[in-house]
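Shared chain: subunit A. Partners: subunit B in the first complex, subunit C in the second.
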Partner chain A sequence: MATVDFDHVTKRFGEVLALDDFTLHVEDGEFIVLVGPSGSGKTTALRLLAGLESLTAGSIRIGDRVVDRLAPRDRDIAMVFQDYALYPQMTVYENLAFGLKMRKTPKDEIRRRVLRAAEILGIGDLLDRKPRALSGGQRQRVALGRAIVRQPQVFLMDEPLSNLDAKLRAQTRSEIKRIQSEIGTTTVYVTHDQVEAMTMGDRIAVMNRGVLEQVGDPRTVYDEPANVFVAGFIGSPAMSFSRMRAERRDGTVALLRDGALLELPLPGGLPRLPDEVIVGVRPEHARLWREGVGLVGPIEGVVEYVEMLGRETFIGVAAAPEARFIVHADPDARGAPDEHVRFGLEPGRLYLFEPETERALGRV
Partner chain B sequence: MDDVVAPVALEAVRRRGPERLPGEPRAVGYLFVAPAFLIYAAFTLVPLLHAVNLSFFEWDGLTPGTFVGLRNYAAFFTDPLIRSSYGHTLVLIVFFSFLPITIGLLLAASLSRIRIRGLTFFRTILFVPVIITNVVVAVTWAWIYAPDGPLNAFLRAIGLGHVARAWLGDFTWALPSVGLVGTWGEFGFCMILFIAGIMKIPASLYEAARVDGAGPVREFLAVTLPGLRHELTVALVLTVIDALSTFDLVYVMTSGGPGTATSVPAFQVYSRAFLTNQVGSAAAIGITLMLIVFAVTFGITRLMERGEG
Partner chain C sequence: MTGISRRQVVANYAILIAFSAIAIYPIAGVILASLYPRGTNPSGFSLPPSWNFGNLATAWTEGQFGMYVRSSVIVATVVVIVSTVLSILGGYALGTMRFRGATTVFYLFLLGMIIPFEAIVVPLYYDLRALRMIDTYWALILPEISGSVAFGVFWMRAFFLSAPRSLIEAARIDGASSWHILWRVLVPLGRPAILTLVVLTFAGSWNEFFLPLVMTTDPKYITVPQGLSLFSGRYTTDTPLLAAGAVIVMLPVLVVYVFTQREFIRGMLSGALKG
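Let's turn to the complex of A and B:
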């Protein structure tokens, strides 16, 4: 087990800047998730840590060792690949044992570790099979097992769940998390799925276009997004954004747009507001209008679509051409496209962002 | 009403026979195959059957032949010339198949691992022998091997004059000399086949091996070689067939000589049919050769597929 440090790491592929001055400290035993859309640099960061790419600038440490010039095999890491990368001609047992064999581990020690890993993962009865005779979920376990038997300092996982179906993914998610906390190995986990990030990570690092946008525990990143990108990326359905005029009044702030006026108490500590702000609202903080429940509004709009999820319903409402909101409603809420609806927002839950830099200003 | 309709519908389903994909043509497909089949029949099947028939006769190509049953085939075991030609073929398999596959593997593995400038150029250069007509290759190499040819000149120049000899006239060296030309002609094909195969192996497998601690050799053994199973089968089948059916190199370079030192079955077919008027025997050798090619191909394919489990 070890800490991991990315120290001002930059990676260029020709003209493309894949990772830009990336600095991140991972605690010993921590489960950190790098999350972001395609091209955000998350996989590049992982591959640099694995030694599968060379650094353009900066430095990476595992524990106290600078690993910049070490071959992957000398970094004491184990990696789980998106496509599992199981050796097709080897049995499950041989797949699990391969890395240990390469390290000249004694035979009985290999056997002990393989059987132990197989037990943890519940694949003891598959050891004689070849990968092609396994289901996707079973292959995934073998890939995990191959990492576990190595007992490395760091686990690297590159979207290990993306080839599984939704149900299996949810199940495996909690299992990986459980195994990791049992074994206690530092884990760097890459995913584009913000649900995985939220549910698995001790901390999550949100990345975009090669830049680290925010690091923090899931709660903090969700509640206090650093900028518009993080706010929009984390959370499902995503946060709705709308540009509004902001007027500071006596003890309140008024947000105006297209005839709608939202007057909210001004919390202390909010900096000077620009004349225009980006207002972000999470779906769960926008509800159909009712008097006396403490919502601000109402805002009028036209229903664009209705998503019934059983437990709840989300209604897409266009209040103005570039002011669309997702409104949370009861499961039995009715609504049809083109209907007019009124909804309100929960005070204290409106995120304000600076329109130029898109940085968070605070909540009102 | 339903009671009446249902059996009729069922009947209709039953009568359609084996399931066809929607929109797939029916027997009309045979019509499209017919022209090609007719040509194949006229120029391959009929001559083949004719050859089978001939192989049961002793015939000089002019006078009426005599039926001799399987005697022409029995010669396979008794005629030393036929046996030695097959022996030569075994040697040629080493040169036409094993050597090119080994060289092709090494080149493919290193060319796909090492990043160097002008890779395409090197690949092309190495592939060129494959696309040159065999007769041209044979004429060129016969010149290279000639007593006063470039090879001997080179050997003398570097002080190995005592090694120089008439390569194609030497009883010991003629066969390996012809064989090496085969190696030169086949390895590029194997290499291209293997490079294509390696490109198909997921990069993550190589990366997994590297993270697992495999060096270049183990990586080759654990990832590249198993990943090339199908390409190896194809290369083995095609090169062994080439070795078994070698004719043009031998015909142009040595005409089976010196003596019969480079005589191979296909050359025996030619020389018996057209030079020594033993048409029946030639046919029998040809048919035997065909059966051996079938058997070997089948054997190799089965062998390579078996390990897949």
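Let's turn to the complex of A and C:
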């Protein structure tokens, strides 16, 4: 087990800047998730840590060892690949044993460790099979087992669940998390799926276009997004944004747009207020209008679509051009496209962002 | 077969049968001709009046094919083994490693495929004579290896380029050296591509006519195709015997192909020519 440190790491592929001045500290035993859309640099960061790519600038440490010039095999890491990368001509046992064999581990020790890993993962009865005779979920376990038997300082996982179907993914998610906390090995996990990030990470690092946008525990990242990108990326359905004029009035903030006026109590922590702000609203904080439930509004709009999820319903509402909101409603809520609806927002839950820099200003 | 109409199926089979017939006709014709009684003149594609399997034995002894087959086996075996190993190593380097001059080296290998052998055979003859290699197996083996390696490297590079990168990376992280990755991980995966290369190299070496013609005069080193040519010079009128000689020459290639055809076809279809 070890800490991991990215220290001002930059990676260029020719003209393309894949990772830009990336600095991140991972605690010993921590499960950190690098999350972002494709092209955000998350996989590049992982591959740099693995030693599969070389650094353009900066430095990487595992524990107190600088690994910049070490070959992958000398970094004491194990990696789980998106396509599992099992050796097709070897049995499951041989796949698990391969890394130990290459390190000249004694045979008894290999056997002991392979059987132990197989037991942890529940693949003891598959040891004689070849990968092609396994289902996707079983292959995934073998890939995980190959990492576990090595007992490395750090686990690296590159979207290991993206080839599984939705049900299996949810199952495996919690299982990986359980195994990691049992073994306690520092884990760097890459995914584009924010649900995986939220549910698995001790902390999540949100990345975009090669830049680290925010690091924090899932709650903090969700509740206090650092900027518009993070706010929009984390959370499903995504946060709705619209530009509004802002006025500081006597003890309140007034947000105005197309005849709608939202007057909210001014919180203490709000330092300054530009004339125009981007207002972000999470779906669960926008609800159909009812008097006397403490919402601000009402805002009027036209229903664009209705998403019935069984346990809840989300209604897409256009309040004005470029001012669309997703409104949370009861499961039995009815609504049809082109219908007019009124909805309100929960005070204290409106996120304000600076329009130019898109940085968070605070909540009102 | 879903999604394919009956008419399409019939058409598919008709086309496949037609092309198979075109491919099989000359081979079957030669085999049938070799079974006619000696001295007769089989014409076209017809069954012999009696089956004369003795022609094969006669041709074998009269044509001294035993001696020629021995030379051919020696040459083909060494060529296949050495050039396959070299092709695997060269293809591995060019297909998976980044190093300075890789592209230039690759184009040099391509040049080896493009330049016709006839263009270099005369200087090559003088070179080998200066090295006192004329009338030795080396005069056949070394040029054939160089010729096969050109294609072999091209072929194996394509296979290594198509092999999943993550497999190589997983092995690197697992602690395998480049050497181990090649022999423990990639070569077992590349069996179809390698066997295909073996069949092609073997057939190429076995059927090589021009090189032994130029480089050898001693009958000890004459290989099968040239042997057949000498044989046909002596028995121009005895078609069944000539055909029997031809059957002896083509039999080994057919046997090798039959034993490896499943892998051969997989190799041809596995996208081994990608990249």
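Following the convention adopted for this analysis, the second predicted complex is superposed on the first by the 364 of 364 C-alpha atoms of A that agree within 3 Å, B and C clash if a C-alpha of one lies under 4 Å from a C-alpha of the other, contacts with A are read in each partner's own complex, and residues count from 1 in each chain.
Operating definition for what follows: a residue touches a chain if its C-beta (ideal position, glycine included) is under 8 Å from a C-beta of that chain, and two chains touch if they have at least 3 such contacts.
Predicted, not measured: the structure shown is a model, and the values here were computed from it.
Student: In the superposed model on subunit A, is it clash or fit for subunit B and subunit C?
Tutor: clash
Student: Mind working out whether A:87 is in touch with subunit B, subunit C, both or neither, as first, second, both or neither?
Tutor: A:87 sits against subunit B and subunit C alike.
Student: With both complexes superposed on chain A, which partner does A:96 reach: first (subunit B), second (subunit C), both or neither?
Tutor: After superposing on A, A:96 lies clear of both subunit B and subunit C.
Student: Pick one for A:123: touches subunit B only (first), subunit C only (second), both, or neither.
Tutor: Neither partner.
Student: Tell me which partner A:286 touches in the superposition: subunit B (first), subunit C (second), both or neither.
Tutor: Neither: A:286 stays clear of subunit B and subunit C.
Student: Jot down the residues of subunit A that show up as touching in both complexes, subunit B in one and subunit C in the other.
Tutor: Shared contact residues on subunit A: 50-52, 71-73, 77-79, 81-83, 85, 87-89, 98-99, 102-103, 146, 150.
Student: Under the stated contact criterion, what part of subunit A meets subunit C in this complex?
Tutor: Going through subunit A, the ones touching subunit C are 50-52, 71-73, 77-79, 81-83, 85, 87-89, 98-99, 102-103, 146, 150.
Student: Please output the residues of subunit A touching subunit B within their complex, sorted ascending.
Tutor: Against subunit B, subunit A makes touches at 50-52, 71-73, 77-79, 81-83, 85, 87-90, 98-99, 102-103, 130, 146, 150.
Student: Of all residues in subunit C, which touch subunit A in the complex?
Tutor: So the residues of subunit C touching subunit A come out as 164, 166-167, 169-176, 180, 184-185, 188-189.
Student: Inside the complex, what are the residues of subunit B that reach subunit A?
Tutor: The touching residues are 202, 204-205, 207-214, 218, 222-223, 226-227, 229, 307, 309.
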